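In what follows, a single structure is set out as structure tokens and then discussed.
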Amino acid sequence: MMHAKQGSGVSRRRLLAGAGAATLGAPLIAGAAPAPVKIGLLQPLTGFLAYDGIQGKYGAMLAIDEINAAGGIKSLGGAKLAPVLADAQTSPATAIAEVDRLAGEGVAAIQGGFASDLVLAATQQAARHGLPYMVDVGVVDQIVGRGLTNTFRFGPGFGKVTQDGLANLAALNNAAGKPAKTVVIVHENGAFGSGMAKLLQAKLPGLGFEVVATIGHPTPQRDFTNIALQVKQANPDLIIPSNYKNDYILMALTFAQQHVRPKAAIYSILGGAASNAPFAAQHPKESNYIMDCNHYYDPNKPLSKAFAAKVAAKKWDLTYELMLNYSVMRVLADALERAASTDAAKLTAAIAASTYSDTIMPYGPTKFVHGQNIGAAPVNTQIRDGVVEVIFPTAFASAKPVFPIPAAG
Amino acid sequence: MSTALLLSALVGGLANGAVYALVALGLTLIYGVLHIINFAHGSLLMLALYASWILWSALGVSPYVALVLLAPLFFALGYALQRWVIGPAGQGRDANVLLVTLGVSIVIDNLALAVFGPATRTVDIPLATSTIDLGVMYLPLPRLIAFVAALLLSGGLWLLLNRTDLGRAIRAVARESDAARLVGIRVAHIHAVTFGIGTASVAAAACLLLPSFYVSPDAGYAFVLVAFTVVVMGGMGSFPGALLAGLVIGVIESFSGLWFGPSLAPIGIYAAFALVLLFRPTGLFGARA
Amino acid sequence: MLDVVDLHRRFGGVTALSGVSIAVRQGSITALIGPNGAGKTTAFATIAGFHRPDRGQMRFLGRDITGWRPERIARLGLVRTFQIVQPFGRLSVRDNIAVGAHLHLARRASALTEAEAVARRLGLAADLDKPADTLPIAGRKRLELARALATRPRMLLLDEVMAGLNPAEVAALMPVIREIRDGGVTLLMIEHVMQAVAELAERCIVLAEGRVIATGTVAEVARDPVVVDAYLGEGAAARLADHHAA
Amino acid sequence: MTRWGARAGPPLLLMLGALPFAFPSGFVLTTATLLLLTAILGQSWNILGGYGGQSSFGHALFYGTGAFTTALLQVRFGWNAWVAAAAAIGAGTLVGAAAGALVFRQGLRGSYFALVTLAFAEIARVLVASFDITGGGFGLLVPLHRGAASFQFSDPRLPYWIAWTVVLAGVLLTIGIERSRFGARLAAVRENEDAARALGIAPVQVKTVCTAISAGLAATAGVLYLQIFLFIDAANGFGVGVSVQALLAPILGGLATPWGALLGALALRLMAEMVHAVAGGLAGIDLALFGVILILILRFAPGGIAGIRLRRDA
């Protein structure tokens, strides 16, 4: 309050500097209140990953607001969590510099990263500072396989998602009397899509599927007509796409336009927009019956319902980046509570020992082994009339899968 | 490879090529007259896509109607940009102009991110999903409209440049700006008008593109490089050249995508581009040096 | 020294040179004259390697230089200047001339010293540090000459170095050119300033419509009725005779 | 005529050299290391674009060649990092010579040259992302082997000083070119090719050599990037962003001046820090502000920062 009187320049500056800097002044106002615990939120906030980064930021901030409103970290005398935002843009080098900046600002831990290359670079740099790092998405398996003791991934990695995705696909197919035999893979040709395609090509034959075509494309792909026609000519029972959000939407719309309709389904694994609520809502016809195996929450938990209501009230998109970051921040806060300290080593140990289970994700108690939460698993969703429904695991499914999809009518 | 697939690749390539040509028309005008490489072109395209999307989502205005509104609006924007930003800050030095347009694109891209948010938006009008059944493929109606519009727009721009007083002034400035100044042409004004017309063309292209595409703050990037290749391949400043080069590039991309996979399709474009430049440096339609 | 035989050159449908033969003796000053559009500059550009001849042969210092690139011909010692001066605009006069001097001098310091010496010879000493494009036209003409001279050429092709100069400037430049010749450089010059041609050139080659129509001393060609008809026009021969008498 | 570049350059470089004593690790050092890499890439661009007058939009071709060659030789063929680095710089130089010879022989210049180099870099990017040997879409990760023998240092000051030394070498190289016969010929070709040819200069040869030198320096920047971050992929090596980064610093700092690229890189970094301080929490606004400052600098210092006059005695 006192500071605000010092002139509009100062107050505007503080306003613009965001919550991170604003809390610097907090002790002055509150007098004896404990020092806030700074948490670095590293996300690609600008550039072509900005959507994912900003969604991630929202998720983490929502959790922080709730935790602070509920009295902060009690073992630290009710210390508030103070987010410090860092923009990794889309370059690993920037991510590294931002980790250094966060370390310099005295954060207790860093959360985020989203993209695998950013996460790889950021975790390694955080390790140099001895800072605990909570990965939000970053699915590449190497992230937790490098012996970095500071790095924790709450969500499932690439291998786990693919394994579950394929197992669920086989289960669906077998239950329906094996309507699907032939597969076309459509993937973006970066690290994520190509890696996925390679894995699928290796594993699908063992599950009784025949890959009849694999089509890679760059990001962004300006037009999907030719790809749609090639898919149509291959006439597969199943299409498995792996690409980023913009391209996914364009692809799905083009498939509908060209009447590409596989007999069994479009079954994505980590599909860019396949479980994206706005896509489903905006294009109920074109997106109908699209399946995805991806990060997703358990919609039936009371916490999830409250979460979804808040997200809706804020008019945010309900996406997995939001869900994961919200959950990861709760895990981190729990670890802080137990560590009763912001000391890096103590906090790291507390995270490593986490058995926290009060999140919206369908994971059960957290258990980190070599940094990977082994309870983490993906979920299968299916878009039905503009709504993303959970279809698998059946324990918390909100709808029954439609597989194969009904014939065009 | 079936005949049907080849035929559809040809049609698809032509349809895409028309869009490339549309996006490149404004660029080739600016390039041909001001001799500057406008890095902000993609950002202006993105901005126009947003403008068109806003008109649709807020007022229900179809992008095809929005074109009539947005073209003059973007003319004004382009005029102002060149007259009061790019011109004064570029100071006639190529390198500086380049950096100024880069700066403009950074500003537009990031303001769009801050204002519109990062989400991907699409318009949902019946026409957007209408198709014409060609047997081998369904031709999306928006693509057919874009094709016809590309022909009309390049024809219109050609007429404007070759049959009007304004056009004569623009061509005079393009050839010899010093001489044009001597005969009393206000060069800075003509430059701004040219930039305005180029920007209005981008707005038109955006309105025609939106029904079969999407808009997000990074939507322009998809077209920047390809638009530059179209401009240079067509011979800078040539509308028929841009139209032809756009179609050629669309078809090359389509076929190289078919034969080598879409991943390698860009190589087809850039290789063709490099070859054309190396062996016919003034482009397909450029005047011989 | 320079032997050009039967040079042909067409641009599109236009014949610029049609069987031009020129022979220049070592140590001489030869003028190449003719009406506008006669093909003089094309002849220079072709001899200097900037255009490839369609037909014909060029020998310089006993070597066949037909089809050589211009830089190679320049290195052999045959250097041209440009009718429309082509300074390295943003470089200083000193640096301009040093570019020429570098043809023989690898060291920067030697080239700069040489540049100063040449500049002094041509009366450019006061302008050494000025950017070339700030010089007035007379200065630029001298710079063009200085740069070529700094390459230590065996022979210079001077394309209208007098054009655009006032009589005083022309008068000042003439001894310079003579001095260059006396220094052992053979000269072939395109010139419209007849006073200069008459006073400097020992021999004259007249070009019209891409052909050589006369050769000889200035007095001889001036009397040649073919030249009078083709180039100087009705009554001009008489005026020229008057001029010489005066 | 005194210009800011020659006055401010040497003390700034000295201060940068001493910086690790004050900041032995952490954000300042990491950022300064990135700044030096930007400066090297900028110096490389300046040699071709500033002194040679040939604006390239495809400097990523040379930078990426440097980074990928050294990564490839280490990861796939087990070469020693230093040997691989030397080979990579050589490879970059060769690519520069080949590209230059091809393009200049055909007489391309101006925008045509710019866009054809862009096309080359894009072809390289797509190819590198398409083959397994170059890591495909994922890129190449160099295994961690800390130690001087493997060109990896646990003390971040060492790579910093190596980069600093390269910047110094870049300045000296630039001054050397300025004061040599080659530099005089380069300037002549830049100003007027026909006049240069008339004076016995072969423009294609001069420009090709210039491209090769520039490419070698760009490849050096790529090699340093790889050795510091131990990771490269197609976009970070051959992407358009790299080519844009290459031209940003020298144009902003002052073209055809020995200190321009360094000053430009420094200015860019300071601008980024400034907008972060003012609008760091507002994604998008901060970079938009960056763009505005960029335009303003160009408006008021058209000759670049190094070209700002201290005294009006010209």
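Letters A, B, C and D mark the chains in the order given here, with residues in each chain numbered from 1 onward.
One rule holds in what follows: contacts are C-beta pairs under 8 Å (C-beta built on N, C-alpha and C of every residue); 3 or more make two chains touch, one makes a residue touch a chain.
All values reported here derive from a predicted model rather than from experimental measurement.
Novice: So if I look at the partners of chain B and the partners of chain D, which chains show up in both lists?
Specialist: Chains touching both chain B and chain D: A.
Novice: Consider the contact graph minus chain D; what connected groups of chains does it contain?
Specialist: A, B | C
Novice: Name the most central chain, where centre means the mean of Cα atoms.
Specialist: Most central by this criterion: D.
Novice: Farthest from chain D in C-alpha centre terms, which chain would that be?
Specialist: Farthest from chain D by mean C-alpha position: C.
Novice: Compute the distance, rounded to whole Å, between the mean C-alpha positions of chain A and chain C.
Specialist: It comes to 76 Å between the two C-alpha centres.
Novice: Please compute the C-alpha centroid of chain A, do the same for chain B, then give the distance between them in whole Å.
Specialist: Those two chain centres are 36 Å apart.
Novice: Between chain B and chain C, what's the gap in Å when you average each chain's C-alpha atoms?
Specialist: 50
Novice: Determine the centre-to-centre distance between chain C and chain D, using the mean Cα coordinates as centres, and give it in whole Å.
Specialist: 44
Novice: Give the residues of chain A touching no fewer than two other chains, as numbers and ranges.
Specialist: 46, 50, 53-54, 189, 218
Novice: Mind pulling the residue numbers of chain B that touch at least two other chains?
Specialist: 110, 113, 217, 263, 266
Novice: Give the residues of chain C touching no fewer than two other chains, as numbers and ranges.
Specialist: Nothing qualifies.
Novice: Name the shape of the chain contact graph, picking from line, ring, star, complete and other.
Specialist: Topology of touching chains reads as other, fitting no named class.
Novice: State which pairs of chains touch, listing all of them.
Specialist: In this structure, the chains touch in these pairs: A-B, A-D, B-D, C-D.
Novice: Quick check: in the complex, which residue numbers of chain D touch chain B?
Specialist: 49, 55, 102-103, 106-108, 110-112, 114-116, 118-120, 122-123, 126-127, 129-130, 240, 244, 247-248, 251-252, 255, 282-288, 290-292, 294-296, 298-299, 302
Novice: Would you tell me which residues of chain D are touching chain A in their complex?
Specialist: Per the touch definition, chain D meets chain A at residues 25-31, 34, 126, 129-130, 136-139, 141, 225, 229, 231, 233, 236, 241, 277-287.
Novice: Looking at the complex, which residues from chain B come into contact with chain A?
Specialist: Listed in rising order, the residues of chain B that touch chain A are 2, 4-5, 8-9, 12-13, 15-16, 19, 110, 113, 117-120, 122, 124, 129, 131, 136-138, 140, 213-214, 216-219, 221-223, 226, 254, 257-258, 261-263, 265-266.
Novice: Which residues of chain B touch chain D in the complex?
Specialist: 31, 35, 37, 85, 88-91, 93-96, 98-100, 102-107, 109-115, 217, 225, 228-229, 232, 236, 263-264, 266-267, 270-271, 273-274, 277-279, 281
Novice: Along chain C, where are the residues that touch chain D in the complex?
Specialist: Within the complex, chain C contacts chain D at residues 48-50, 69-72, 74-75, 79-82, 86-91, 95, 98-100, 102-103, 105-108, 111, 147-148, 151.
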